[in-house]
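The letters A, B, C and D name the chains in turn, as written, and every chain counts its residues from 1.
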Amino acid sequence: MESVLDIKQLTMDFGGLRALDHIDLDVKAGEIAALIGPNGAGKTTFFNCVTGIYKPTEGDMFICPPGKKRERINGLKPNQVTEKGMARTFQNIRLFQNMTVLENVMMGRHCRMRAGIPGAILRNRATREEEQRVVEESYAILKKIGLAEFVNEFAKNLPYGAQRRLEIARAMATEPFLLLLDEPAAGMNNQETKELDELILRIRSEEKISILLIEHDMKLVMSLSDRIFVMDYGRKIAQGTPEEIKNNPAVIKAYLGEDIDA
Amino acid sequence: MRHRISVVALTAMVGVFLLFGGTALAGDTIKLGVAGPHSGDLASYGIPTVHAAELVVKDINAKGGVLGKKVELLVEDDVCKPEVATNTATKLVGEGVNVVLGHICSGATKAALGIYKEAKIVVMSPSATNPSLTQSGEYPNFFRTIASDDAQAKLEVDFALNTLKVKKIAVLHDKGDYGKGLAEYAKKFLEAAGPDKAEVVLFEGITPGAVDYSAIVQKIKRKGAEAVIFGGYHPEASKIVTQMRKKKMKTIFISDDGVKDDTFIKVAKKYAEGVYATGPKDVSKNPLAIKAREEHKKAYGSDPGAFYDNAYAAALALLNAIQKAGSTDYDAIVKALRTNLVDTPLGKIKFDKRGDAIGVGFAMYQVKDGKYVEVK
Amino acid sequence: MDYFLELFLGGLTRGSIYALIALGYTMVYGIIELINFAHGEIYMIGAFTALIVISVLTMLGWNQLAILAIATLAAIVWSSAYGFTAEKVAYKPLRGAPRLSPLISAIGVSLFLQNYVLLAQTSDFLPFPNLIPDFKFLEPYEGIVRSTEIVIYVVTAAVLVILTVLIKFTKLGKAMRATAQDRDMAMLVGVNVDRVISFTFIVGSATAALGGVLIASHIGQINFYIGFIAGIKAFVAAVLGGIGSMPGAVLGSLVLGWTESFFTGYISSDYEDVFAFLFLVLILIFRPSGILGRANTDKV
Amino acid sequence: MNTIKELKKSFLIALWFMFLTFPIMVIKVNTVEQTIDWRWNRLAMVGIFSFFASWIWRYLLQRKEMGQKRAEESETPTLTFQQRVLQNPKFTRPALVVICIFAAIFPFYFSMYQVNIMTTALIYVILGLGLNIVVGLAGLLDLGYVAFYAVGAYSYALLNVHFGMGFWACLPIGAGLAMLFGIVLGFPVLRLRGDYLAIVTLGFGEIIRLILENWNEFSFGPSGIANIPRPGFFGIKMSIHQSLIYIYFIMVAMVIFTIFVVRRLQDSRIGRAWIALREDEVACQATGIDKTKTKLSAFALGATWAGMGGVVFAAKTTFINPASFTIWESIMILCIVVLGGMGSIVGVIFGAGILILLPEYLRAFSEYRMLMFAAALVLMMVFRPHGIISAVRRTYQFEGSPEKKASS
């Protein structure tokens, strides 16, 4: 199967500190992959490098959107990465707090819209139609994610679980082929986690979006993922199916060793 | 619907009435407008003019007024800002002022003059020294009782070259309207004197309000200037003089009437000794000047401030012109100003075609024993 | 070479003067991220208080050193009081308000204090006596450097050292650093944030007052407007060095002072400030957080 | 019991303020005669005043806190009274009609002076609305906004002096030049954040002013440019009063135009991007918004309006010099935006009205006018930290939207 994301030998140094050490990772089309590891292993740094927020020290990053040519994405700005079709969420929720739920989703559509300043001022037909289309589409996304009831609420007034889901909705509005979810279940209760599980599966099956997620909730990871990558101290220590990972001695050491120390 | 039309018609009528009514009503008093900075950091240059006008008007009203009418004062603040000055001017014109005493700063004066010119109102400033105000011919309604910057610069340059016989001169200014204009004239006159007679070794603007001027002082020293001609006000002058003297530099310091202020001596203290500054001719012997001074002390309990004599003279000249003209008609007043000599604290004056006072001049002063003394 | 040395010392004087004001700026900013526009006015109040005390005591015929000590003390006390009060009245009710609201409030305080001094005292420039006696050992070098200047250098350095010690090694300093890092967290671990902020204002104002006395006796005159101009320059210096950092504030001030001095000396004072600002822009383009500022990337 | 406690508190505060103001209020040294005025009566006044003021202060603060608590406790976010009024068409339509009529007949009812200061206020309305794009919507703190105002004013003045160009030709040129300056200056600095951006823009504002002051050959230096013509009307010669009324109407038209444009901009794709940028830069980029382009567009558009305002300013005053473009001017415009309510058009209009007309109408208090103005600034910020009028976000109409089902 074709890889939609292919990372080779990714390395990131902060001053003298090596946060990522020659990481290889790939996500196949239609796959749900998970990136796990103890705190401080470098998972979020990895996301930040891939999405263009950090400039990696070494390594190559390629994407291959379905039906398009394979492309190197080193040096692209975050917004360009998003335009290419990779959208992400954040570990510490980063919504536009003082905008409504609908507007948050509409923001995701920004890079798929064309209207410029003259269009905004003149409000010609094309602009009006585009605007209306985006409103309808965004509402449709909200309905799908189950946030329709909050549509005109300010994002900051949403319950926690709903905020996490809104971030996913916003990311989906950018029409990605790959979603990068940074701890989507953090802080959620069992019920919410279950709903999230279903949502992620639905996104894959209905929208044909591949997913790479960072998660600490092992139950969720094991039930969702096709493949799992494990990181510790900036290195990739294992990769494989959930079954393989469960029995991998290096992984057990990384996790349990930490527990014993503590 | 019909009701609305009548409202509009009424509105328009009232509007027209107000538009033309304003000037028609003014007739029972002679209105003298006084405009200048009466608040803010330049207030100390504007308030003495208000005092002068108040005293002159009180005096004249006590004697029966002008043309049998009482004189009324309209005092408005312009903070020395051009945009506020236009507000002030429109306010005064709207209130039907006959003549205006002011404004104080050249910039504000220029901004306001157009409005007075259109309304055919004579304006006389006691302090706006910018040469183009009279020399450009743009402002036929403008008069002043102070000599212009170029006259002052000429005096400074002549004094430096002929009396002090210095050759290497540094010209400094404070980058302001007044200071830079003056410095430019000084430079022009120095260059006109020829390279064998005078050499401008330095021409630079300093940053007003800076905490330290040692760099520019070192530069003066390095360029070997024998004298400094400075255009600007006393706060910067005293800082520069103090730093020069502290560095044991004996360079002669010549400046303008922005420095010929007692505050300069108070601030620079012993370092002020020997500094030259130009200022209006010494009028301490003029009986009217003595009278004006006494009146001020009696009314306000203090010595008068900057431009007081000039303002007193301007107020007298304006009201005298109305009396002589026999009306508040613009052309008549202008003619009267140009033809009739009037007795003022500055001496007997009248005005030339451009609006400069004939008989008002500058003299050179030097600080001696903590006092400005005229150099003969 | 002499010329260079003179310009260097002139720049050092200017820089030290900016530093005395910039230190307070940077402290307040470090704690509550407020550009305290009124800081320059606190410095002005310090100078005025000192002048009033000096005049009164001189009339009573006290000895010069005693006057110097008491005037400085009074300036520190009252400046601190003004800084403390301004914080309580105009900034504290605005915690949690939009970020720009305290800035406007600070502008209001600045304007208020200017006009308050203008009305209560005078708009004129007042002479400020030179309180620092001429040191005997400096006589041979009088043309180059004066005792006031030496005192300014020494005091600036001393203030920097004292403040650094205060922040690094005392309990209060620890609380200040904690508050600067994360106010909510500091509150949770039991730091009395209100008190820490008040204290910061008091220390910052005291530094400004010290600057007020020294600078005024160096320049020899004060009026109600000196705070504004000096405040803007000090603010620029603090940003140049990396706002929030104390050594940065001093370094930024010195760099600014030297820039101005050498530019005036070797090129022209016409464009002195233009150059100073251009220099600032250039430095910030290449070091967006100032010379010593920590690169403050958002935690993602 | 409570009252006694309050009394004691106020008493202590009064004592504190008496201590605080003691040296500056009470002692005045007469340097000429070497005497000291002890103005004790002032101390008593300060004490009495602060005693009562502290009482009122605490009462108002309490009320403000209670209001906040109530807003937090209620489940559904309730609109404030003022927001409800502003959104209710039953109120806004008649109000708009009244305002329009008033604006139309204003110059005929009131004196030239009133028209003049109203025109000034209107200039500041468009300056405020322009800066509102930069600060209020895009969240970029710009302390050098006056630079673009100066560019507009000087482009008209200089084009007129050298090429005799008229007001109407210069209006778009001035706006365009200001926009160009916005782009050129914005490009290198817009990657700076928050207060660093503020200080760099402040620097640029000062640089422009200092260049105008020093470069005589180009700008005529500090003595400025005089006799700039007022706008013409098909070559008809007008008296000053008439042309002031004419400028007034030009300004009314420009304000309407500005409101129209800004409203449309802020409800558009680009406007949403500005607001998102203000809310969270990182998330903004991650959702595919080009940070640089978006910031630059806000900066340039803001500058354009300043340029337009500058051209009108030059035409109205007929005289300009660099002293009109100091940092205080930038600060005033910033105050208008923040005081009015960031991001709110109505707020900015109110802000400009208050900050520009207040000092004019406070002329009656002569020397106390700036003191009162400063106090007003602080008080308004303390009691209305979000500005006079807070921005209201638009709601959208779509299939199945709650508003459509049950419009309230």
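Keep in mind that, in the parts below, contacts are C-beta pairs under 8 Å (C-beta built on N, C-alpha and C of every residue); 3 or more make two chains touch, one makes a residue touch a chain.
The model shown is predicted, which means the values in this text are computed figures rather than measured ones.
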Inset, instruction - Identify the chains in contact with subunit A as well as subunit C, in label order. - result: D
Legend entry - Minimum number of chain-to-chain touching steps separating subunit A from subunit B: 2
Inset, instruction - Report the chain whose mean Cα position is at the greatest distance from that of subunit A. - result: B
Legend entry - Interface with more contacting C-beta pairs, comparing B-D to C-D: C-D
Inset, instruction - Calculate how many whole Å lie between the centre of subunit B and the centre of subunit D, each centre taken as the average of the chain's C-alpha atoms. - result: 34
Legend entry - Mean-CA-position distance for subunit D and subunit C (Å): 29
Inset, instruction - Please report how many Å separate the Cα centroid of subunit B from that of subunit C, as a whole number. - result: 37
Inset, instruction - Averaged over CA atoms, how far is the centre of subunit A from the centre of subunit D? Could you give it in whole Å? - result: 41
Legend entry - Two or more partner chains touched - positions in subunit A: 53, 90
Legend entry - Multi-chain contact residues (two or more partners), subunit C: 126-127, 270, 273, 300
Inset, instruction - Mind pulling the residue numbers of subunit B that touch at least two other chains? - result: 43, 175, 205, 266
Legend entry - Complex interface listing, subunit D residues touching subunit C: 16-17, 19-21, 23-25, 27-29, 31, 34, 36, 42, 61, 64, 135, 141, 188-189, 191-193, 195-196, 198-200, 202-204, 206-207, 210-211, 214, 281-282, 327, 331, 334-335, 338-339, 342, 367-368, 370-371, 373-378, 381-382, 385-387
Legend entry - Interface residues, subunit C side, partner subunit D - complex: 29, 33, 35, 45, 48-49, 51-53, 55-56, 59, 74, 78, 81-82, 85, 89-90, 93-94, 97-98, 100-105, 107-112, 114-117, 119-121, 126-127, 232, 235-236, 239, 243, 270-271, 273-274, 277-278, 280-281, 284-285, 288-290, 296, 298, 300
Legend entry - Residues of subunit B defined as touching subunit D within the complex: 11-12, 14-16, 18-19, 22, 38-40, 43, 76-77, 81-83, 86-87, 90-91, 93-94, 106-107, 110-111, 114-115, 118-119, 130, 132, 138, 175-177, 180-181, 184, 205, 266
Legend entry - Complex contact set, residues of subunit A against subunit D: 51-53, 77-79, 82-83, 87-88, 90, 94-100, 102-103, 106-108, 110-113, 115-117, 119-121, 123, 127, 130-132, 135-136, 139, 148, 151-154, 157, 170-171, 173-174
Legend entry - Residue numbers on subunit D that touch subunit B, as the complex places them: 31, 105, 107-113, 115-117, 120, 213-214, 216, 221-224, 226-227, 239-241, 244, 313, 316-321, 323-324, 360, 363, 366-367, 369-370
